[in-house]
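Two complexes follow with subunit A in common, the first pairing it with subunit B and the second with subunit C.
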Partner chain A sequence: MTRPGLYGLMAEFSEPAAVVAAARKVHEAGYRKVDAFSPYPVEALTEALALPRSRLPLFVLLGGIAGLAAGYGLEYWASVIEYPMNIGGKPFHSWPAFVPPAFETTILFAALAAVLGMLALNGLPEPYHPVFNVPTFALATKDRFFLCVEATDPHFDLDRTWSFLLSLEPRVVSEVEQ
Partner chain B sequence: MADAADPGLARDATPAPPRREELVGPGHDFASVTEKISSIVLQRRTPWGWFVGFAIAFALLQGMLLAVGYLLFVGIGVWGVTIPIGWGMDIINFVWWIGIGHAGTLISAILLLLRQGWRTSINRFAEAMTLFAVACAAFYPVFHTGRPWLAYWLFPYPNTMGLWPNFRSPLIWDVFAVSTYGTVSLLFWFVGLVPDLATLRDRARSKPWKILYGILAMGWRGSARHWHNYDTAYLLLAGLATPLVVSVHTVVSFDFAIGIIPGWHATIFPPYFVAGAIYAGFAMVLTIAIPLRKFYALEDFITMRHLENMAKVMLATGLIVAYGYMMEAFMAWYSADTYERFAIWNRMTGPYWKMYWALILCNVVAPNTLWVKNLRTSVPYLFFMSLVVSVGMWLERFVIIVTSLHRDFLPSSWGIYRGTFFDWSAFIGTLGLFSTLLFLFVRFLPAISIFEMRTILPGAEVEEEHP
Partner chain C sequence: MSTPAFPVPAEVDRLQRTALVAGGAGVGLSLLGAVFDLGQFLRSWLFAELFWTGVAVGCLSLLMINHMTGGVWGLVIRRLLEAGGRTVPLLAILFLPIALGLPRIYEWARPEVVAADPVLQMKRPYLNVPFFLLRAVFFFAAWSALAHFLSRWSGELDRTGSLRVARRLRGLSGGGLLILGLTITFSAVDWAMSLDPHWFSTIYGIVFMVGQALSAMALVIVLLARLRGEEPFAEAVRPQVVHDLGKLMLAFVMLWAYVNFSQFLIIWSGNLPEEAPWYILRLHGGWQGIALLVLLFHFVLPFLLLLSRDLKRSAPTLARVAGALFLVRLVDLYWLVAPDLHHHGALRVSWTDVTAPVGVGGIWLFWLARELRVRPLLPQRDPDLEEFLAQPAEGHA
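Right, the complex of A and B next:
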């Protein structure tokens, strides 16, 4: 059971090990719409929440291939097809000379794919998010660790989830308004 | 709960492994690290020294604007460049600045991949240094074109003239290398800043700053899902920036090595330029780090170990550079080529002999004092050495560019180069631009990466459970 306007329940911890242990138990209890919040990357949380592998490396690979094709294609098209010029008797298709710019565009496109892909996968920029309604949530960027179970989770029940979260010994459990 | 008031202080002092203690002063926890770094931006009164330093830097920047204004009005004839020395201080300074930038990327990317924990407190401002150095560097070739308002002709784009750049020219490679380097450095720096901008957003007291940092933080909330992608992105960026940084100074060295001028046409140029870039860059990082830690009392975060490690990198790369000089001279002799032999002999004994031997003193003799531990761990000495190295690397570029060009094949076309007032004012002006940007950066953004500092604190790591 839930109530309208409720985004979820947020448990607050002061130790990284505590939030990892809690995340593991919440996951074992069958909750899937769970997220943890920490002031620095805690690798064990990824494992505790059983997060899938990031798709980002694929994006970056595709970005790099696109960059290579775009860079080399541009050089080939400009130097061989559109504007062939005899420069010092070098062939129009001077592939060794085309390597440095094509290399740079490969890196450029891959790096752009990494940053834009990371932002896209994370749904950022996101001007509003319900978790910021928790008054102490500002400490998530300082020294506090949070675990949020969302109300849309099929296992979610306001009272039972609340007491389950309390059993994990957080500092406090609070309701997160939409 | 016992630690309700301040969980940070209540954290029991578990003894940390000694390696980590040296990277962060004792007694720090998540809260105190956050507090100390963010308070420089948010709460602490701006020290009077900041205003004095900023005023000087800003005055130099105004001087640069005057020098550039006159340059645009009259043309690059106001510079000392002439035939046969078509590349003068503008290109010397371009190479000098772009080289300095390399240490920032080395610290943020290569040392990250090598899991060097000591990079953590120095990477942020070293990356900022990279960005500002690239900005200063880019100024020179753009103005060297003579018609900087047409500098966009360097980029390939469809135009009514039906022209395309010549991709066989290393100068076009330079356009691609430097613009990619600038862009990727900016991305890397900004991605690293996002979690810290969120910290500033959450800790800022006044509404306008909260909104400003909030916009820049893009709604970062430290979600585990976000960190997961974030870490992957950060690592991949490091992996991409590593070959990039090596390629940039390689391409810069191709500007010379592809030419047939005696003294330039050498295969040793790429590795020796890259080593020189890192050498110069670490010197600049030390030049910035030493006053920064002193004036903002950051000795807990930028410890003696950081300074000593940087001195060691400087020593190692300095030795590679010295090897480069030796090989240059050896290959000139061994090639049995009259012009190559003459170019080196002319460097050592010609009109610019003082520059050459000053360069040997600064880049070959002086860094060897860093073998001595007492000197390597003396802060004033390191600061002095960092300036010596910066001067030495400037001289290196002077020697390579000017002495090779001023006497090439035909004695009838020999000449002498002298930097004019406008050469020097443009150079000092970019020093002003660089320091102005640095002062603003230290004042408005966290100069040390807060979230990465948290990760190296004792108690930050949580053991993964493997069933």
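Right, the complex of A and C next:
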């Protein structure tokens, strides 16, 4: 059971180990619409929540390959096809000289793919998010760790989930308004 | 000594036995080679000595870098690196045949060659036998001293956990890295670049530096993967640590390609008669095949493989890549020095070129295993390591 206007339930922890243990139990209990918030990356947390692997590395790889092809292609087109010039008696297709710029465009495209792909995948910029309705949530950037179970989870039941979260010994459990 | 107060993996015993057998066989065969062709034996010995000294000095580089930067990756491998550094006195002893046979290795050490060559006469104030030997003594002394104090103070840190000692170690590492940068550069110029005394490249020392650090990193990963089944590493070698080591190895692979390509690009662009022959020699007469092999297996393939996160987090898989890289390091060094060792000729591998690195390497690994028994294999009382070990290990490894 849930009630209209409820986004989910938020448990607050002071220690990274506690939130990792709690996340593991929440996942074992069958909850899937769960997210955790911490001031710094806690590697074990991603695993405890069994979050799907990010597709960002693939984007970066494709960006890099595209950058390499674009950079080298541009150099080849300019120096071999469009405007061949004899420089120091070297062949038009002087691959050693083509490597540094092609390397740079590889990095450039990969970096752009990383930034834009990150924004596309995490949905930023996002002016409003319900979790900020929890008064102490700002501490998630400082020294608190949060675990939020969303009301749309099929296992979600306001009373049962509430007492389940309390059994994980958080500092406090609060309702998150939409 | 017979019953240490800390766990020493049985794998260390196995390593020590195998290394001793391989080392004995390699050195024995190489000495047999010396009977037939003393000059060839000395040149092969130089190649072996260059490689394994590089591994030891690479250990010192990684050790001091970690003292400066911190990071659990370095705490887990610290004792392996310290033991690697403490092999320098052994390498100094193994340098003796080279010191005694300089004229058979280096043309600048042959008076009749110098007498006919005005350029070598100009270079004589630097390239002469007594000064060369003095510098070699200085290199080995500096590296031994660094290894000695890094190990000793790290042992003090084990006993006291004192912040002052930790700070002293960081201070030594800061200055030590500077000394290392200079000694590696000059030793590379002396021992390897002067094989072709007319040729010069200012990035040569860095090419060696990066290669040495990569060799050391690859070896440490292989050792760690073999030791991880037993205490004390069983608890400490977690995917996170393996991942960090894999990332650093990828970085060194890229850095190696970067500095080698830098040298090549500059010489190729300039195309000057005093520089280009070095590459012409190495890209003809069969050597071009080795060059291609090094390009593919020292850069392209490891680079692509090490991009994978799963591969970097699995100790056995990463160790296979590291082991292969370690062997390719040997091939790369051969390509770098052997064309000059073999009288500037076409590709030819003497059998002592194989037995000497095996022999020196066997003795070196035997010594390393001996040094590994001296101290607990993980730093004691290190707050960072204790905090790391207190964290729950991740679900699946």
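Here is the rule we use: the second predicted complex is superposed on the first by the 178 of 178 C-alpha atoms of A that agree within 3 Å, B and C clash if a C-alpha of one lies under 4 Å from a C-alpha of the other, contacts with A are read in each partner's own complex, and residues count from 1 in each chain.
Going forward, a residue touches a chain if its C-beta (ideal position, glycine included) is under 8 Å from a C-beta of that chain, and two chains touch if they have at least 3 such contacts.
Not measured: the values here are computed from a predicted model.
Because the two structures share subunit A, they can be overlaid on it, and in that overlay subunit B clashes with subunit C. Touched residues of subunit A, counted separately for subunit B and subunit C, are more numerous for B.
Residue contacts after overlaying the shared chain place A:S38 against subunit B, while subunit C stays out of touching range. In the overlay built on the shared chain, the residue A:Y83 is in contact with subunit B alone; subunit C does not reach it. Looking at the shared chain after the overlay, A:A140 reaches subunit B, while subunit C stays out of its contact range.
In the superposed model, A:T161 lies in contact with neither subunit B nor subunit C.
In the superposition on chain A, contact of A:P100 is made with both subunit B and subunit C. None of the stretches 207-215, 333-341 or 387-395 of subunit C clash with subunit B in the superposition except 387-395. In the superposition on chain A, the residues of subunit A contacting both subunit B and subunit C are 17, 20, 24, 43-44, 47-48, 57, 88, 97, 100. Remark: subunit A residues 14-17, 20, 23-24, 35-49, 51, 54, 56-57, 60, 71, 74-75, 78-79, 82-83, 85, 87-88, 90, 94, 97-98, 100-101, 103-105, 107-108, 110-112, 114-115, 117-119, 121-122, 124-129, 131-132, 137-144, 171 touch subunit B in the complex. Against subunit A, in their complex, subunit C makes its touches with residues 240, 261, 264-265, 268-269, 271, 307, 309, 391-392, 394-395.
Looking at the complex, you find that subunit A touches subunit C at residues 17, 20-21, 24, 43-44, 47-48, 57, 61, 88, 96-97, 99-100.
Every residue of subunit B that touches subunit A in the complex is listed here, in rising order: 1, 3-4, 7-8, 29-31, 34, 156, 162-168, 170, 172-173, 176-177, 180, 183-184, 187-188, 190-191, 195, 198-199, 201-203, 218-233, 236-237, 240-241, 243-244, 247, 251, 254, 451-452, 454-455, 459-465.
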